[in-house]
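Taking it in order: structure first as structure tokens, then the write-up.
Here the chain labels run A, B, C and D in written order, and each chain numbers its own residues starting at 1.
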Amino acid sequence: MKKYQEQVDVWFKENKWEYWQPLAIVARLFEEGGEFSRLVNHVYGPKKKKVDEVVQDMEEEIGDIIYTLICFANSHNIDLDKAIQKSIDKVVVRDKDRFTKS
Amino acid sequence: MKKYQEQVDVWFKENKWEYWQPLAIVARLFEEGGEFSRLVNHVYGPKKKKVDEVVQDMEEEIGDIIYTLICFANSHNIDLDKAIQKSIDKVVVRDKDRFTKS
Amino acid sequence: MKKYQEQVDVWFKENKWEYWQPLAIVARLFEEGGEFSRLVNHVYGPKKKKVDEVVQDMEEEIGDIIYTLICFANSHNIDLDKAIQKSIDKVVVRDKDRFTKS
Amino acid sequence: MKKYQEQVDVWFKENKWEYWQPLAIVARLFEEGGEFSRLVNHVYGPKKKKVDEVVQDMEEEIGDIIYTLICFANSHNIDLDKAIQKSIDKVVVRDKDRFTKS
């Protein structure tokens, strides 16, 4: 993720933009998450579109969600690679424990 | 809320509709919440629209959120009046404690 | 909903509280929605709890969501009865059209 | 993101796990987003904690959100690197247009 975080950061600096205030980023995350949710519901909820019809849009929404998180992370000096690796490790470790105990 | 819950229920029964499956209702709640969030961000986030321009839309989104919750409540025999009153009481009681202790 | 809106409003005025800023209310809505979502996932997602085990908690979360919306509505002069009725009417009207056209 | 997607995929295959159904992943995303939202509200909303007190937790929540999206992406053959790059490009391009037009 390092290169994405830097790309965004460089771009903001070059344009002298500031990151949105944190609560506005959260509101954006809610919005983007809601759009993603709508697409998933179109396929797996009552509307029954085919997944092929919306998978491109899903990709776009997921990209937008992660972009939103990059903005937040950059404005709080959060290293996303570290964050992701820790979340993956939690699942792996949690599971390892489960398997060795049994 | 009783009359709204009944109105919706009668309507669904007359049309032989079934309530969506619960996870689809949650996805809809996410979507509706996200739309509401977008509007609030337009006014109080970086976009700075005037509140008058969107307050009608806000009203609509809030109505849609509560309608979504009515559908969930109806399909789980949840009494919304009881639910709301309890949530209000929590705040009141929490506060009463705070004030009488001090 | 009128009585709930008034109850909350009176309580806030008596205690000289102010409603949170709108983006903070949205963040709270996200939080409460997320807690509700977690409960629904416990029953209908991969965890398979029984609905009886969590329906009380669901009621509580739904109450909290609506309480959050009451706070927002009160601070924006939004009449929730009107909002809910309009959302219900949309569904009814949308459907009436569909049935008379066919 | 490729290595994270593969790590998770290998782990799921080794343990013969299946990815959750899509609507359950959306519900989890709502939950994780809500937890993140709560933390942000603790600092920038009415509660006024110091950001140092929660930045570690924020990092964890963001990691969990992205992990949730990795699971969805893996179960839909979505390439997250492509997705992120496209979302970044949208902002850059949108802006380039704006600046060259003026």
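Going forward, a contact is a pair of C-beta atoms (placed from the backbone, for glycine too) under 8 Å apart; a residue touches a chain by one contact, two chains touch by 3 or more.
Since this is a predicted model, take the numbers as computed values, not measurements.
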**OP:** Determine which of the two chain pairs, B-C or A-B, is joined by the larger number of C-beta pairs in contact.
**Re:** B-C
Subject >> Pair from A-C, A-B or B-D with over half of its contact pairs in common with C-D >> reply: A-B
Original post:
When the centre of a chain is set as the mean of its C-alpha atoms, what distance in Å lies between chain A and chain B?
Top reply: 26
Original post:
Taking each chain's centre as the mean position of its Cα atoms, how many Å separate chain B from chain C?
Top reply: 2
Subject >> Touching two or more other chains - residues of chain C >> reply: 21, 23-24, 26-27, 29-30, 33, 37, 40-41, 44-45
Original post:
Contact residues on chain D for chain C in the complex?
Top reply: 20-21, 23-24, 27-28, 30-35, 37-38, 40-41, 44-46
Original post:
What residues on chain A touch chain D, complex-wise?
Top reply: 1, 4, 7-8, 11, 15, 21-23, 25-26, 29-30, 33, 36-37, 40-41, 43-45, 51, 55, 58-60, 62-67, 69-70, 72-73, 76-80, 82-88, 91-92, 95, 99
Original post:
chain D touches which residues of chain B in the complex?
Top reply: 21, 23-24, 26-27, 29-30
